[in-house]
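Naming follows writing order (A, B, C, D and E), and every chain is counted from residue 1.
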Amino acid sequence: MVILNIVIVVFLIVCALAIGRIKDLLGAVILFSAYSLMMSVLWLVLKTPDVAITEAAIGAGVTSILFFAVISKTKRYEK
Amino acid sequence: MRKILSNTLFIVLFVVLVYAVFQMPTGANINAPAYNDIARHYLENGASETNAANIIAAILADYRGFDTLGETIVLFTSVVAVGSVLRSTKHDKEVRDHE
Amino acid sequence: MWLDRIIENINYIGAIALFVIGLRIVVTHSNLIKRIMGINIMGTGVFLFFVAIGNVTGGVPPIVNPEVEDQLFINPIPSVLILTGIVVVVSITVYSLSLVVKIYENYKTIDQKELSKLISEENNEH
Amino acid sequence: MNIEQLPIINLLLFLLMALVIPLLKRKPFKITLILGFVVLGLVLISSGYLLWYVNNVEVIHYTFGGHEARFGIEFIVDPFSALFTTIIAGLAAIIYIYSSGDATEGIEKTEYGRYYVLLFILLMSMFGILYTNDLFNTYVFIEILSITTCAIISIKKKKDTYTSAFRYVMMNELGSLSYLFGVALIYMATGFTNITLISESIQNAYASYPVNIIVALGFMIIGLGIKAAIFPFHIWLPDAHSAAPSTSSAILSAIVIKVYILVLVKVLFRVFKLDILNEMNISTILLVLAGVAMIMGSVFAIAQKDVKRMLGYSSVAQMGYILLGIGLLSFEGLRAAFFHILSHGLMKTALFLSVGEIIYYKKTRKVNDFDGMGFIMPVAMGVFSIAALGMIGIPLTSGFISKLNLGVAVLDQNQIIFLVILIVSSLLNVIYYLPIIILAFLKNEKYRYRLKSIEPTPRTMIAPLVLLGVLIVVVGLFPNQIMIFIEAAANSLLP
Amino acid sequence: MNDIIVKNITRIIIPFAQVYGIFIILNGHVSPGGGFAGGAIIGTTLILYTLVFGREKGKKKFSHKASEIAESGGIIWFVTIGLVGLVVADRFLTNINAGFPEGIIGEILSGGMIPLLMIGIGVKVASTMISLFNLLIDEGV
């Protein structure tokens, strides 16, 4: 359990750093979605299933869709 | 140059915060200061006082129900705010004509 | 010794790292959508911090089962607080996204540097 | 139904009013306006009654759901919260009357409904922030407040409002999350979110984990400082306040940033208490920030050509005055700060509303175009002059009393240097307010011909302006009646 | 989107997802979940429907008027339940003391006002999510 916890935390940090670096916004949103999903697994590891369900539905689901919607209306690549 | 400076600043902030946290009894056990009599009260009497098996739901909707009301208001506000930004005048007219 | 301490506090360290990374994205990035993502990352950092406070090794989720006695529950309060927090951050995100759509419509860019340039040019014209 | 229910009923009245407005969409808009005015009047009466009650009978403790305060959420109505809710309700009523005279500059007709929905939710959240005795509940209300404040800026559908609202929302969110991080650290060290319980156990926590408490306090000061536009964090304010519609600017500048600084007061004096603050020497930090804000805000204001931006920077300087009073950590300082919150609220409302009227009719925001305005719009310009003289600190206005009090408080703590800064800042105020008044009343040839084109101003816009002008003078002449309540409020914060 | 596979799969999935969302809302007080999670799940199914079948059809399923009613209604429902407590037991948002049925711990019909509040929150969150999405999609283009 501890090892899983550490792996997830490292994954989250790497994801967050990658979101900062990547130039393709669509890729950033996909990374963000993966980040949220991993976050919800982490909530499960920390035994808060309520938060896990909410994060999976809201963070990984709704927020990502809204980001996609906005990117489809604006620019995909940053300079 | 500026980039290096700002990055150093963030790393310093990180180190300071980690140092602050390391001063705390951070072990995930029931001796932590946060696991005090209030948390115990919720866990022991929460279910019998509210008759809900899920303590989190009991706190969310009963003990701290007012927070939840505030949260629904945040959602309502966000709809109104987004509507005020995005809904163009043309759209409003269409809706009115339609009805 | 040090490694033990880090492993023990990995959630706190992760939370602080996410908070600082999010802050860095918000402050230094010039792309507006990236900055909103930074806010979200910062938010999850704070939430992870909260949950880590409530965590208890070997505990179970606080759902009472009358038939089982003597369970060790985790602290329920942080979970409740961040359930509220998650929804709040989503509302802020949506509102700022709507502003980004409008900014793009008006200025045809979502880059802070180009935006400042355009605005200062406009101010000089008047 | 007894008096204890009044605070929650105040909140619910605002909330239900906001929810009713969309349902009244098909009816004439006048009905909404009258209903809103009735609600504001009721809340003003009830908060005035609460103010009298808590000062003369007892402090009200109200817990939700009938749970003990430690388990549920608690409202405390004491002289402090009762006083400021009354002030907010009063100022909001004045601004509301003004805004009903169809002078909501720059807002389209279709957005009126949404504007008032947001306005009432904004008022509700401010009342909630002041009443509540729970740090996390405060966070929820702060988030409602920040999203509504941004929304009443961006509701004016102009290019520049979007960018300034975006910057504002980002800064706001940084502030909120910093505040929440501070709450998390405090929760980690003490295990409470209720302010009274935290203050009981924070001494022990400070003895065991000093670094943690210092970091928590730092995060909370920075978070609330961003929102209250304390000097190094003020960069969003001039843009946001000048881009917003006039009534929104008045609300933002006169009320909203004050609410954040009141939260800061609550955090400093209720949560951390004087012992810890003195040990950490917070006083010096706050005083230095205040001094810099007082000078720099005024210096920036002088350089502005846009009158609303100038008023925005002047707000930054005035927040420095309030922070100076708070940073002294003494009874006199708090008293002066609270009085200045009231008098600056009155004066800034008057300034923004009169400028709003001028902008509405003359379509100009440049300081240089104010020549001869005193003859074209005597009432608006007259009230502007009274308020501007108050800002400078001329006797007979409320601004003079607050500066006098601040001077006394500074001398009491032997901080002579800040007396000098106070005087220098006042002189800087003279530099940017006085020329406008002189130009407006003495230089009249250039724009004489415009005299005919002015339509008669609606009475709903004139009346609140006159009322504000009178109030500034009355508060300046008879400060003692109000000082009773302010001293009670300051006393309730100090042991 | 005119892909028959996507359309048919969506048609099959949506009822299940919605039932799951309702299950999560109604079981919020006995198992993990609650109004926010369930409401968000229902909201996402509605968003999915709009994405696959287009804006016009989505509007028919969940009109602008319905979402407006659901948004104000959610809060009014919440406040009404709170006011029951205020009138009966002298405190806003009182649960058992205000006479809400207690039930037996662990069954769906328990917890007094908690499931009622959860239903209100669920409806509110679902309608908020879909109307926010619609607002973002409708604009401009």
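Note that in this section a contact is a pair of C-beta atoms (placed from the backbone, for glycine too) under 8 Å apart; a residue touches a chain by one contact, two chains touch by 3 or more.
Note that the structure is a prediction, hence the values are computed from the model and not measured.
Path length between subunit B and subunit E in the chain contact graph, taken as the least number of steps between touching chains: 1. Under the touch definition stated at the top, subunit A and subunit B share these contacting partners: C, E. The chain with its C-alpha centre at the largest distance from the centre of subunit C is D.
The chain with its Cα centroid farthest from the Cα centroid of subunit A is D.
Set side by side, the interfaces A-C and D-E show unequal numbers of C-beta pairs in contact, with more at A-C.
Averaged Cα coordinates give subunit C a centre that lies 24 Å from the centre of subunit E. Centre-to-centre separation between subunit B and subunit C, using Cα means, comes to 10 Å.
Note: centroid distance subunit C to subunit D, computed from Cα atoms, is 28 Å.
Contact of a single residue of subunit D with at least two other chains is seen at positions 15, 19, 64-65, 136, 140, 143, 147, 150-151, 154, 162, 187-188. Contacts with at least two other chains are made by residues 13, 17, 19, 23-24, 52-56, 61, 63-65, 77-79, 81, 83-84, 86-88, 91-92, 94-95, 97-102 of subunit C.
Among the residues of subunit A, those in touch with two or more other chains are 48-50, 54, 58, 62, 66, 70, 73. Across the interface of their complex, subunit E is touched by residues 47-54, 56-58, 60-62, 65-66, 68-69, 72-73, 75-76, 78-79, 82-83, 86-88, 91, 95, 99 of subunit B.
Across the interface of their complex, subunit C is touched by residues 30-32, 34, 36, 105-106, 125, 132, 135-136, 139-140 of subunit E. Chain contact summary for the complex, subunit C toward subunit D: residues 19, 23, 26, 32, 35, 39, 42-43, 46, 49-50, 53, 77-78, 81, 84-85, 88, 91-92, 95-96, 99-100, 102-103, 106-107, 115, 119, 122. Taken in their complex, subunit A has these residues touching subunit C: 2, 5-6, 9, 12-13, 16-17, 19-20, 25, 28-29, 32, 35-36, 39, 42-43, 46-51, 54-55, 58-59, 62-63, 66-67, 70-71, 73-75, 78-79. Against subunit B, in their complex, subunit D makes its touches with residues 15, 19, 64-65, 67, 70-73, 108, 110-111, 114-115, 117-118, 121, 124-125, 128, 136-137, 140-141, 143-144, 147-148, 150-151, 154-155, 162, 185, 187-192, 205, 209-212, 214-215.
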